[in-house]
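What follows is a pair of complexes built around chain A, which joins chain B in one and chain C in the other.
Now for the complex of A and B:
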């Protein structure tokens, strides 16, 4: 679809908005509907649209597979890392209260980090799944 | 301080190691991390078991949210026993795995292999440790999804279809479990198992409770491969990589049986689940048919891995027979057999892994004279086989003995006959292998020589364990008895 100018230009306009909306859902999850999982999927659709319009090779060079792998692992590590941090600070696993100076501040920070971990992993997994299916005949 | 955090660490350590594995990605480093992690979980589960034996059940709440609102772990003797089985088998088999996996799986996939292994371990330990019905479902999915990956990595192309078949059946099972948990939640408004057990009796006589119970039982029965829902199992075990067959055969179905015990006895209570609902007789019939049918099919298999897989279906029959007696003795026979069956199937599949490493096949025809070409490996196979049959001084005998006692106590003579016939059929299918391996033609040009020590020693260790726990039964029988008592006493 690379030779279709309408698609190319619309995609180029729309992709940044999708990414911004993904980030909005991620970081506004504290106050409104949203959260890491939804945000991760929305964020990934920006990349998937890019792959659909410009081809999977272009997407692969934008995000190489080893980087995707690191991002997938990194999100989960961030999640578990928050839990381990609370353990090391002398509380139960994922008891966020100890993370901040006040319990509510700790809860805020803990949920923020954990949801960020979820979002990062989910979006990287979505892109990997897309590449896995779309590039089935590629080596 | 660290002692109080052991229940969380039991699951968190493998969960933390899995993404690290993905980052390391190099075969040797990921293997080493897997072994160290498994050993750490083994240490933790041993500590937990001694702690439970000393001072009773342990409660742990996550994130400072007290049960029943937050997710809680509750470890009593039954969990601690299952945790010990899973972590011990993972440790032994992961040591074995390095060369076996190196021979069977491409180097570029080994990083993913060990990541999936650790995730599977996380899921299995999580199912065993959690005290929350929904959390159990989540861990079940973690372990199932990663085991589909592990099975699909088998050398044979049929591994892919076997894994796909398991994916479909496993997903149906998991969906049923989720629907069951959902119905219970709609009925009682809680997901905590102890809380469910308190609230269910008041509403037990409703259609929702009965439907939830039915969905849960059928879903878990799919997961434990209870006849006639066992169709996914033979191919999955036969075409998976050798190390995965050993790991899953010794742990995955055991953990699912544990989940069944937990729901039948702790959540619903035995009077509802086995007497009000006609499950005891259903389990007795299905268990008997599983023993007879699967043992008979096993006799006609040419692929020895497939033969052992059918034998696993038969062993699951024994496990459900133990439940169907609705007695403390029957239940302790089931719990005991969880442990002993893990030992014997572990030993048998590890021996097959050594054979596959040397001769590259598990077909009966290639076993000609193997007793002389690989004497130690066949020795391990023989001990595992004897234990499977239930020869005295092996672990298998102890569990058969308690099953027979439980059947006699109940006066169920037909079941007794089924157990005896099942053992005789096991003699037949083990003898077929022994006959070819020891009395068959000795091929001069066939590959011979033992597998490397890092593969042979874990196999020998499990074979010795079969004999050790056939003679010294304090740990296995003692804990199984206490665990059965605890289950019967409710949560």
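Now for the complex of A and C:
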């Protein structure tokens, strides 16, 4: 598919839009539909489209494998880290009230960080699974 | 009246798509049918006012899983092999299971029944208290990320494990030189 100019140009136009929309769903999940899981999948879709049109080798050089692995673990660690932080601040595991000066502010910060962890891990796992399947029959 | 028409139309299209997926033997077309099926299911979730679920279904069911099925078809070839067995026993099992499931739904509360257990348990508490306790407009996000934060942590651990499993089985890096040790397949 690499040499089809229509595909390449359309992909170059819509991939940034997909990524921006993924970020919007991630950070607007408190106010509208969406959240970390959907945002992670949408964000990964942008990279997967890049891999489909430009080849999995181009995708691999865009996101090297060691970075993907670190990101997969990093999201889960961020989630658990929020829980450990609330424990250390003298509250229960994942009770976000202590994170901010007001309970509501703490909840906002906690939900933001936790959703970020979900989004980061989900999108890295989706890209990894795609590379695992699609990268095997390359010439 | 309109909503009934929409429901019947979507359910009929779902049935048609499922039957088409069974009848077709070209796996590429079957993957497309599954994508259409997921899209119709997400429309159904929108009609049921479950916007967040519809969002997930549209992103995962239509997007990611179709791509993964196409990737698998690229590995195994796009034509279905002749089945080795006659389909009578599977049809019997599926019919009995389906009939049991339909029989089970007869005892379920009606859709939007205010007396249903799901509406009586913790749902009123979440809906009434979350503006005060959490302070964000989307109740679904408050429940998923705060009230039920443990469950979401468990789900994230499941996704993490799935990713690690795929990494372990399929590997992230393709081996460049076939014929050397470790490439026996």
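Keep this in mind: the second predicted complex is superposed on the first by the 136 of 139 C-alpha atoms of A that agree within 3 Å, B and C clash if a C-alpha of one lies under 4 Å from a C-alpha of the other, contacts with A are read in each partner's own complex, and residues count from 1 in each chain.
In this section, contacts are C-beta pairs under 8 Å (C-beta built on N, C-alpha and C of every residue); 3 or more make two chains touch, one makes a residue touch a chain.
The model shown is predicted, which means the values in this text are computed figures rather than measured ones.
By the touch criterion stated above, A:69 is placed in contact with chain B and with chain C alike. Taking chain A as the reference chain, the count of touched residues is higher for C when chain B and chain C are set side by side. Once chain A of one complex is fitted onto chain A of the other, the partner contacts of A:80 extend to both chain B and chain C.
By the touch criterion defined above, A:99 lies against neither chain B nor chain C after alignment on the C-alpha atoms of chain A.
Residue contacts after overlaying the shared chain place A:30 against chain C, while chain B stays out of touching range. Using the contact criterion defined above for the overlaid structures, shared-chain residue A:48 touches chain C, although it does not reach chain B.
Once the two complexes are overlaid on the shared chain, A:90 sits against chain B while remaining clear of chain C.
According to the touch criterion, the shared surface of chain A, contacted by chain B in one complex and chain C in the other, consists of residues 69, 72-73, 76, 80, 83, 93-94, 96. Against chain A, the residues of chain B that register as touching in their complex are 1, 5, 8-9, 12, 15-16, 18-20, 22-23, 25, 60-64. Taken in their complex, chain A has these residues touching chain B: 69-70, 72-74, 76-77, 80-81, 83-84, 87, 90-97.
Within the complex, the chain C residues that touch chain A are 51-52, 54-56, 59-60, 63-64, 67-68, 71-72, 74-75, 133-138, 140-142, 144-146, 149-150, 152-153, 155-157, 159-160, 162-164, 166-167, 169-174. Listed in rising order, the residues of chain A touching chain C in the complex are 25, 29-38, 41-42, 44-45, 48, 52, 65, 68-69, 72-73, 75-76, 79-80, 83, 93-94, 96, 103-104, 107-108, 110-111, 114-115, 117-118, 121-122, 124-126, 128-138.
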